[in-house]
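You will see chain A twice below: alongside chain B first, and alongside chain C after that.
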Partner chain A sequence: MAQQNGMVEKRGAGLWLTHLGLIIGVAFIFFPIWLAFVASTVEQQQIARPPMPLLPGDKLFENYARALSAGVNAPVAQMLGNSLVMALGIALGKIAISLLSAFAIVYFRFPGRKLFFWLIFLTLMLPVEVRIVPTYEVIANFGMLNSYQGLILPLIASATATFLFRQFFMTVPDELAEAARVDGAGPMRFFFDILLPMSRTNIAALFVILFIYGWNQYLWPLLITTDPDMNTIVMGIKQMFPSGDDTADWPVIMATSILAMIPPVLVVVGMQKLFIRGLVESEK
Partner chain B sequence: MEKRVTFKGIWLPILLVAPQIIITAIFFFYPAGQAIWQSLYIPDPFGLSMQWVGLGNFEYLAGDPYYRTSFITTAIFSILVTVVSMGVALYLAVLADRLIKGSGAYRTLLIWPYAVAPAVAGVLWLFMFNTRVGVVAWYLGVLGYDWNHVLNEGEAMGLVVVASAWGRISYNFLFFLAGLQAIPKSVIEAAAIDGARFWTRFRTIVWPLLSPTTFFLMVVNIIYAFFETFGVIHTITSGGPQQATTILVYKVFADGFVGQDLGSSAAQSVVLLVLVSILTVVQFKFVERRVHY
Partner chain C sequence: MATVTLKNLRKSFGKTEVIHGVDIDIQDGEFIVIVGPSGCGKSTLLRMVAGLETVTSGEVGIDGRVVNDVEPMERDIAMVFQNYALYPHMSVFDNMAYGLKIGKTPKSEIETRVAQAAKMLQLEPYLARKPRELSGGQRQRVAMGRAIVRKPAVFLFDEPLSNLDAKLRVQMRLEIKALQRELGVTSLYVTHDQVEAMTLADRMIVMNGGVADQIGAPLDVYADPQTAFVAGFIGSPPTNFIEPALIGQTGAAQIGIRPEHMQITQSGQVEGSVAYAEALGAETLVHLRLAQGQMITVRQDASHPIPQEGDTVALEWAAQSLMRFDQAGKRLAD
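Take a look at the complex of A and B:
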């Protein structure tokens, strides 16, 4: 036993203890999700009279169908669509404008270049939570309340993405730009034919992070979508709780919670390698 | 660092940065400027005109017991969230790092909460501890503990802390695991041959080598607890009971949108702006990252 404890890699009892420790951790992490799933498969009465069962019931199809087609205030299918538009809009929009500005900052010398760089850097210090009231007023003045533009545009400027691409462009060999110039290719030709294909992995990694960032937004959609048909799913769940003493429709609410986490979980788990890469890179 | 080879042109690059600069100007700098401007005024009771009060709003905040309480609440909340989620993540990462095979499978399972929005995490935890139907609350009742986070301030704080920390475990786990895997195995094996037990090795080798990661995560987690936990607070407690879980970001929202006290809300935004600037500078200046995959 003493010898086993001295080993760096565990074998025998130590190995099993390591697995046991991790399984307890995973169980702790998954218990809330499991419970939500169970609640989304049983009848309201089974939840209303605690304790609720800990194994799934047989109402899965009914609950999810009811949530998707009717919901409480708006059909959840509609909210899923809104979330998808918002998440894709934010992710693709951020990537597009960041690619362009990083390209300009790295590959050109133009007046104001340093200034623009610092202006972009400063946005790191202004999360939307800090400037909600005035940003809300801007959106209201533009008539963008309850619109996709209003949901997407204020969240689209991103210093992180610009820095990431700037960092990457710096590592691209100068010979490539040189060769393009000698061949008489213009800067945009170089951008689309060489730089963009080379950035594929970075773009994909960033997409994972930004999609989740956009999908999981809460405060902003809460402020600017007063029309239930424009609610995103993440903010819409809270709206499903009754305001008074009425009992909440738990099976539908929990089905909606599960639906709200399926797309981001699929993206994170399915693109795990890219996700971890994007996470580590974007924090640099 | 500068590129040696560049393209010629002045208007093209300006055109290329234009979308980002325009969006930044309209949705970042203009609103931030507005917040600073509004923080120096109070609107009259009919909302027709603004009256200059200088630093009056800030003086009022400094003397407002609710605001001071909110500061303390935020400090307690963010320290607890950081400690709980980093503690659990480090424990899991140390275990996963000891596995030669199978750590990938655990990683796949442990990254799930990252994908779950704070607001959804709030709903999940609210469901477990709901005073009427919550399973955990019910079993606590069986054990003789009367759980009621709607009335009990400590329980409300505990619940929002756990729900916020839960969502953050994945992130911390990934960085800790990367940090642990970056420590050369030869160093640890050398210590093991010298007879150092697991705890001794952890205390004298692993923990010091992990400190850049730990410090980085501390800063990032505090920023998270300050600004990204709004969804958790709003879904679980709405800042209550008796404002026991009203963190600063929640108070900006509550005063600005619910209370319509624009001057005070703007002054609070400016205070947050200063706080987030300090944290960002700390993150960039003092946090040297040595995490590599």
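Take a look at the complex of A and C:
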């Protein structure tokens, strides 16, 4: 009994300590973002002259409007749009393709099934950076430089997502497929009516991860988009940095950084509900 | 409504043959139970009728039509699975209606049929629920509802009650029997539970290692088992097998006698000592050790005195209750 009381007390103190630790950690991580936000609301001179202000200034609308409409090389609105197309294209494309390939691998017996699975699995070991030169060659030959297809297609195949869906499909009881067969559902009907709705929490989770993956692509867009109108936001920020003796327009750059963060945050927050529902309810 | 015919039905997985030729003609409206221990091929047999397994050789006929290469859906059958196989993201209504929707049944017709089935199975209050919000028994009913709304020619049940607790199993067993009587649909029912087999079947197929050892009405199978396996499998507690020499018999490899066909007396054909006695209330199972160390179970009415453990008692039986089997386990004529 005494020990139990002790444990409760300890937990009380531990609770405060835990919170303190978390608050310090959050403050630590959040501070640079706060600084970026502050920098995006003040004038260039205030940033250049130390000490840097820690409270937001009054140029919020002005700076953001300037960034969105003009930017440095290309309007940020344009780059946001490009990034959005690319991230959505990659996320949805990857999900569609990996769902179908996982479906094929798990539910169909075709010659070389194992081989294909292992081939897909092998590509896990080849990240974009490793195969970037041949990929560039292929895309260039297809004439896809400076195009959305060029941005999206090479990144669409996903061994990770295929593997995840394969694992999920293998936990779906065989009887379900058999029941659907007895009910008269063909393979695609089974896929759309039963497998797809059952995977929706997995799809939501993957969508979040893949959207952020697509949004944060840096190297690939840097290589294949030379036209500023096709720049994506993440690489666009880097492009804004001055080369040589030009002065950097820091408020606009910081405003761009803050803007670049918003869509992934919205996706995470928006999908949170589906996540949690996926965790709480077991579907099988 | 239909007849089902199996003609020398065989199934091999790779080089291993698991069903060694089963023949049966099932009458329209008959309730056939396929019973046997695990691994005897009973589920495979059912799945071949369903069209979920291919037929290696032989014929499956439904209503006079050979359906070996016909898709499950086209066979006009409905199947109830052991783990129910309900679609987890669909409501009870949608689960039952799914097959009809695929079959392009008009919406009003779907609603009437589902409503009818729901009423029959007392599922009306649950139509909007998801399967996970139902109890095991209710899920089982939904699975049956899904089969009923199709109005199939044949019902196939694959151990439908084995995931339920004992009490519910008894209740659902009665419901299935009543339902099948009411609908008059030809049914094949797979189980490893001999009580289900005895109570449900019009005729039963006792499977052993891929062979139909015996096909017949439950009481005939009980009273007149054709093989030692059937004698041992049907009946609880199982038939005792005794060395013929022990009781002065010749010409048989083994002798079977059911526990309920023996009486404990002061002087009888054979003596043994009571190892232990299980009093179950209405009856008592007395386990005896014979002189040679062989164990024998005797089932006696509660009206008989329960013998003390360690007592030496004698057993007697009527000569016609002995079952004689040859070396291969085949029943010999008396």
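FYI, the second predicted complex is superposed on the first by the 250 of 284 C-alpha atoms of A that agree within 3 Å, B and C clash if a C-alpha of one lies under 4 Å from a C-alpha of the other, contacts with A are read in each partner's own complex, and residues count from 1 in each chain.
The definition used in the following text is that a residue touches a chain if its C-beta (ideal position, glycine included) is under 8 Å from a C-beta of that chain, and two chains touch if they have at least 3 such contacts.
Since we're looking at a predicted model, the values are computed, not measured.
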Which superposed partner A:178 touches (first chain B, second chain C, both, neither): both
Partner chain in contact with A:130 - chain B first, chain C second, else both or neither: first
A:193 touches, of chain B and chain C: first, second, both or neither? second
Touched partner set for A:48, first chain B, second chain C, both or neither: first
Dominant toucher of chain A (residue count), chain B or chain C: B
First, second, both or neither for A:204, with chain B first and chain C second: neither
Chain B versus chain C as contact partner of A:257, first or second or both or neither: first
First, second, both or neither for A:88, with chain B first and chain C second: neither
Shared chain A contacts, counted only where both chain B and chain C touch the same residue: 178, 181, 283-284
Chain B - residues contacting chain A, complex: 1, 3-7, 9-10, 12-14, 16-17, 19-21, 23-32, 34-35, 38, 88, 91-92, 95-96, 98-100, 102, 106-121, 123-125, 127-128, 132-135, 138-139, 166, 169, 171, 174-175, 178, 185, 188-189, 192, 195, 197-198, 216, 220, 227-228, 230-231, 234-235, 249, 252-253, 256-257, 262, 265-266, 269, 272-273, 276-277, 280, 289, 291, 293
Chain C partner contacts - residues on chain A that touch it in the complex: 173, 175-176, 178-185, 189, 193-194, 197-198, 200, 281-284
Residue ranges of chain C touching chain A (in the complex, touch as defined): 50-52, 71-73, 77-79, 81-83, 85-89, 98-99, 102-103, 132, 146
Footprint of chain B on chain A - complex, ascending: 5-10, 15, 18-19, 21-22, 25-26, 28-33, 35-36, 39, 47-48, 50-52, 54, 96-98, 100-101, 103-113, 116, 119-120, 122-127, 129-138, 153-154, 156-157, 162, 169-170, 174, 177-178, 181, 186-188, 190, 212, 215-219, 222-223, 234-235, 237-238, 247, 250, 253-254, 257, 260-261, 264-265, 267-269, 272, 275-277, 279-280, 283-284
